[in-house]
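Right, one structure below, let's go through it.
To keep things simple, chains are lettered A, B and C as they appear, and every chain counts its residues starting from 1.
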Amino acid sequence: MQVAYTSAEIAVIVGAQRTAGTTTRTIGDIASLTTARAGDLSFLGNAKYKAQVADSLATVLLLPPDYPGEPRAGQVFLYVDNPSVALAKVCARIESTLWPKPPAGIHPSAIVAPTALIDPTAHIGPFCVIEDGVSVGAGSVLQASVFVGRDARIGKGCFVMPGCLIASTCSLANRVRLQPGVVIGSDGFGYEFVQGRHEKVPQIGTVVIGDDVEIGANSTLDRARFSRTMVGEGTKIDNLVQIAHNVVIGRHCILCAQVGISGSTTLEDYVIMGGQAGLGGHITLAKGSKVGGGAGVTSNVPAGAYVNGTPAIPFMLERRLAVLHQRLPDLFKRVAALEKKPE
Amino acid sequence: MQVAYTSAEIAVIVGAQRTAGTTTRTIGDIASLTTARAGDLSFLGNAKYKAQVADSLATVLLLPPDYPGEPRAGQVFLYVDNPSVALAKVCARIESTLWPKPPAGIHPSAIVAPTALIDPTAHIGPFCVIEDGVSVGAGSVLQASVFVGRDARIGKGCFVMPGCLIASTCSLANRVRLQPGVVIGSDGFGYEFVQGRHEKVPQIGTVVIGDDVEIGANSTLDRARFSRTMVGEGTKIDNLVQIAHNVVIGRHCILCAQVGISGSTTLEDYVIMGGQAGLGGHITLAKGSKVGGGAGVTSNVPAGAYVNGTPAIPFMLERRLAVLHQRLPDLFKRVAALEKKPE
Amino acid sequence: MQVAYTSAEIAVIVGAQRTAGTTTRTIGDIASLTTARAGDLSFLGNAKYKAQVADSLATVLLLPPDYPGEPRAGQVFLYVDNPSVALAKVCARIESTLWPKPPAGIHPSAIVAPTALIDPTAHIGPFCVIEDGVSVGAGSVLQASVFVGRDARIGKGCFVMPGCLIASTCSLANRVRLQPGVVIGSDGFGYEFVQGRHEKVPQIGTVVIGDDVEIGANSTLDRARFSRTMVGEGTKIDNLVQIAHNVVIGRHCILCAQVGISGSTTLEDYVIMGGQAGLGGHITLAKGSKVGGGAGVTSNVPAGAYVNGTPAIPFMLERRLAVLHQRLPDLFKRVAALEKKPE
């Protein structure tokens, strides 16, 4: 961050009820209570860290109204109903300063096909390539070096970072956010083994991304063999995630980094997957189910279940078996002792 | 897909022997028997789904000549020897419509070094960078923002999607297909630990890709320390796969998504690796061997063997051990009972 | 490689003490003793391979002064104190030939904001985008299609390969080397679950990369929620690695390919992680600790410890348990036998 706010400016941003102390320093960064130094803003987000406030070196602190202590010299306390919410307000302000929305219009270096429909309020950045029949909706931003293939559709208020690719016929709904390097609509991985060779099965389907989806850097989503690979509204996908062809992901799911999902698998709404977990093909994870980090799931998971391990089994059972696994040396000894017992 | 075919057009594409029923709808999509809606094409690819045909809402159905039922109102049956083959014909037609081959020539925005040899039938798309000494063969397509380093060689009929990089001295043979974001020829990961620091070992080898290889989105293949990292003819590599320096991959292998292969490991022909599987360095997977998804292989695998788990062991053994692992709670109880037995 | 050296030229490069034999061939490649063919250079890097020298088909061989044998016809022996060091000299020479440093200056196709400070000795390649307030230090090279966001800072002698992104406010120190497609400063993956939806937590921190760091192709490093995601001096990161927000990595660490590190985790100096290993969030790996390939670490690791498995435990224990796991069939039989024993 390269920002500078006075404590008075922060008091206004957060709508402080009351302030205590004074400082002449400007605030240039945010830090936790224990790591904050002079010039930092910090906050008491959770009452259990109350004892850390007195020792915090932060210059400005966001505190609940009933916090009893006093600021040190050169320190300012700002009292607010909810310090976490107040911090989020500061962050949002900083965000808009750091990354102001680029102006509407098409950069002269971008190559936009004559039949593409670009809303006049959209921003098409340098070195973007927009092919025939594409539409880009109101307020959407394509930062730089974004490729949008024939007949793809980008809705309103989307934010597509540099180096992303949205292949032919794929679509983003509204307010979709793609981190750098995302690939939407690469070919599904399908071959038929004919006379000692893998012959490509045409992959002519598409990818459909719902409203408010976010996808992390360098993640890849394959187009369907036919029909659609789908990601439902509000789902959040982290970096380096692989989504194979014909996968259907419900609404408001969370997929952590490096997750891999094999072809034709379905995630219902509110599924959560830990990092590096993998799913086999043609299975269903029912509503609200949860997969532990690194787990390998090879069969259906019931609604609300939490599975772990490879092959994944119910979390509590997996934990119990792991404990028993660690007691194997003892078990082998006990069996040997039994075998030696005189009859 | 944004296509529209009449049932009569489809009958011609597939070479239907016979038709039954009529419809005025055009066909705009393909779907399975159970998910098809009005306006879709579907097919009976496997006799075991025969019972699903009667309830299918597809407007046009590809069926074997001996299918006994009758179309509903507004539905058309097209009888063909092999409905799967017939479907592939339709897919191929749609594919050529959706993604017509771009015209020969070099886009005015591309930067092509004077010593590069670009066949006049090749297509070099916008924002490509072609360095000195590069050759690109007949009919090859570099879509957009493709970087080809000094003295790299691209054969005939290759298709390189946006954002790919083919580094200096690396080569693609003929009909190689790279999905978006593929990196060919990044440095191998080699360091020597000298006086508390990791000193880089120069990586001056290359990467050689054989005929008809396909590589998935954002996969990375490192150049050799010296000599070559190789991928044999007909091998298919999925998304986000990592191939380290001096790896040698044989012909007609299949590497599913997120596979990782450590340095100097060899895969002979027809090896298959499931998703997220990893191989240690300096080992050999012999001809036709198979690695389960997520497995971690640390030693050689014999020809035709199927291994699974981490460290990987023969598949059947791994399965049996997994079953016994789940019976550990019972085993602990049985041993406790034996210990309590009076002597 | 596309190089050609005479044996006399190589003798000069390595500073040979003595030569034996003669050849008219030029050297065009390097290979190991057993794989070398005519026209190759090879070397005896380790005394245990001494027996392979006599059968090697290499045209030129780098050997220690006390090597007793004689070259065959058309073969040249070059005697040097340390054949490995001598080979490194040849490799470095080839490297500088293959990849000469590009000239200083800004390519006319690059888009550089007026407020960016580009050192006159730096190279900004084609299709790069440099936003406002960026600085690029002396001798740094940005190859092609590199995006550098507002107020980002690139030090001296960095080498940034095609397609990399360095997002707003992030910084590289000196001599940092980024392989193609690296993403520095994508958003951290942070959401709060509010009324059935995942609301984005602003990610306004930055990423700070120390001197002499190398990062592999298509790896991703997220910016901090606030404060910094950090990678310490001399650390080497392989391809397709994921570093989450607020991770702090010490100096001289090694992270092999496809490693994933969850948010707010700390690696102290000299930590080594094998390929595909994963770390949970908010843990610390103390100085010099080591994580086996594919392991999943969920709790702190002490200094110097070596852990393996999922969840990771001390390596020797993990190995012992793996051996006992494979003996489970026997154990079940032995318990069954005990149960059958007459009382």
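The rule we apply is simple: contacts are C-beta pairs under 8 Å (C-beta built on N, C-alpha and C of every residue); 3 or more make two chains touch, one makes a residue touch a chain.
Fair warning: this is a prediction, and the values are worked out from it, not measured in the lab.
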Inset, instruction - Could you work out how far subunit B has to rotate to sit on subunit C, using CA atoms and steps of 5 degrees? - result: 120
Legend entry - Same or different residue numbers at the subunit A/subunit C copy interface, by half rule: different
Legend entry - Approximate Å spacing (C-alpha centroids) for the pair subunit A, subunit C: 26
Legend entry - Sequence positions of subunit B contacting 2 or more other chains: 109, 127, 145, 163, 181, 218, 240, 258, 276, 325, 331, 335, 338
Legend entry - subunit A-facing residues of subunit C, complex: 109, 111, 127, 129, 133, 145, 147, 150-151, 163, 165, 167-169, 181, 183, 186-187, 189, 191, 196-198, 200-202, 204-206, 218, 220, 222, 226-227, 240, 242, 244, 258, 260, 262, 276, 278, 280, 296, 310-311, 313, 317, 320-321, 324-325, 327, 331, 334-335, 338, 341-342
Inset, instruction - Provide the residue numbers of subunit B that touch subunit A in the complex, in ascending order. - result: 1-2, 29-32, 35, 88, 91-92, 94-95, 98-99, 109, 125-127, 143-145, 161-163, 179-181, 212, 214, 216-218, 234, 236, 238-240, 252, 254, 256-258, 275-276, 293-294, 309, 322, 325-326, 328-329, 331-332, 335, 338-339, 343
